[in-house]
Amino acid sequence: MAADRVRASFAKQRVMTTIGATLERVEPGEVTIAMPPNPALTQQHGYLHAGIIATIADSACGYAALSLMPDDAAVLSIEFKTNMLARAEGERFIARGRVIKPGRTIMVCDATVHAVRDGSEKLIATMTGTMMVVQGRGISD
Amino acid sequence: MAADRVRASFAKQRVMTTIGATLERVEPGEVTIAMPPNPALTQQHGYLHAGIIATIADSACGYAALSLMPDDAAVLSIEFKTNMLARAEGERFIARGRVIKPGRTIMVCDATVHAVRDGSEKLIATMTGTMMVVQGRGISD
Amino acid sequence: MAADRVRASFAKQRVMTTIGATLERVEPGEVTIAMPPNPALTQQHGYLHAGIIATIADSACGYAALSLMPDDAAVLSIEFKTNMLARAEGERFIARGRVIKPGRTIMVCDATVHAVRDGSEKLIATMTGTMMVVQGRGISD
Amino acid sequence: MAADRVRASFAKQRVMTTIGATLERVEPGEVTIAMPPNPALTQQHGYLHAGIIATIADSACGYAALSLMPDDAAVLSIEFKTNMLARAEGERFIARGRVIKPGRTIMVCDATVHAVRDGSEKLIATMTGTMMVVQGRGISD
């Protein structure tokens, strides 16, 4: 099942454990990843570093893509572009990735990242990413 | 001195300490950041996660920009786009950022990331980023 | 009125006349531009060139931003990123831009481009763009 | 010969004729395209529209990629990101594209666009683009 594959692969992304990120939801073509704030991952003004935001957004995109791939395929991020829209501060950060164009070789995805503050969500970043479907290299995640 | 300011701000980016990144070189408009491989920061195939590569590339861009800013200005990443060109594996990763268009409000930067393998460098990622010059908010880094 | 300003500025974009593009809709923070297919604007396989798609998407983003700016401000595209999702062929192309993050200095926008084929719309491209609010240079569009 | 293929394909891009663009140079992995200023292609302030700059930059990237592809392959732009660095005004515009990462399926390219003013070149835009190698669809350009 695609969701199981995504969960198994996510568990192998050691960076996710390191930053405290968890896989919240996996549907065909859609994945949600969340993480708590962490002072050890901040930039100079005390907010989460843009690269860490990109880390969860990229994984959300990649796993949204993997969820639609054949069982013997692996996912590879070719490129992504992210805009930072507001300070990355809050009680929790939520990256939601989805496939906007599935394909046999290429899947195009986008993601939003929201910060939860006082219980409500604020959009802090967007991403568009291009993911490659890699087959025949003996990897399948 | 601009280099001192950059060094002081870099020291405040706690994520840099967490991932083991060091500021190798600061010149006007050019900054080099390096980091070692780290199994705790890998994706599912054992390579450095693309978001971590983006983390050092974004800081290299941001500090290249800050090095050209007035003393009372702070730097803010508005957006970046990164292409992953090769597997992020090696003995060491080196991000070199430079300002390609300085400006009063906006600075456009690019960065390369190389992996050192067996002593030679391989280009593994590129970034283009747009940095904002923030003044009058009581921050200066 | 913001819509009038956008219409007046659009009328000055001579490239829009040249490619046959028309301003279909202006709301605060949202602009729609349409154009017909045109063999004179095609790439080697007979589809609309990606740069022409980017032309209408960029103007849709820019004018969405301008619609939210003060009367004495002008809009400047700093950067955009576009993904081509499907062949640009159809009876008509529709670019819809909207502001996803308004700001005093920077506005972040996204756009979709659809091709109309047999009366139904197909998503063929997406764009994310960063627009600058330019004041004090004697231009206001 | 790769250069002949690129020249033949460029000649089929009708938009290039329409905007007056010419193929100035083709080397393996590197292509230069130039165009004159043209009031019919301007934005509201009288400068060349960013989308037209993107048009020549994208073709320069695409043909740089095609120059390295097998004879039976065609090139497709998946995505590009462009930064506008200065006003697009001058006596002539020159887009130089090159492959920074060749590949069997994907080629990553970058491009610069310079404006020639009073005989000297000024960098006005950069692009990074991802090109796909398309085989088996009966097209070869």
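Residue numbering begins at 1 within each chain, and the chains themselves are lettered A, B, C and D in the order written.
In this section, a contact is a pair of C-beta atoms (placed from the backbone, for glycine too) under 8 Å apart; a residue touches a chain by one contact, two chains touch by 3 or more.
All of these numbers come straight from a predicted model, not from anything done at the bench.
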- Looking at the contacts, which chains touch chain C and chain D alike? A, B
- Just going by residue numbers, which of A-C, C-D or A-D has an interface where over half the contact pairs are the same as at A-B? C-D
- Task: Looking only at C-beta pairs in contact, point me to the busier pair out of B-D and B-C.
- Result: B-D
- Message: Taking the mean of the CA coordinates per chain, how far is chain B from chain C in Å?
- Response: 32
- Gap in Å, rounded to a whole number, between the CA centres of chain D and chain B: 29
- List, in ascending order, every residue of chain C touching at least 2 other chains. 78-79, 81, 83, 108, 128, 130
- Item | Of chain C, residues touching chain A in the complex | 81, 83, 85-86, 100-101, 108, 110, 123, 126, 128, 130
- Given the complex, residues on chain A that touch chain D span 78-79, 81, 105-106, 108, 128, 130, 132
- Note on the structure: Per the touch rule, the chain B residues reaching chain A in their complex are 9-10, 12-15, 17-18, 39-45, 49-52, 54-59, 74, 76-84, 139, 141
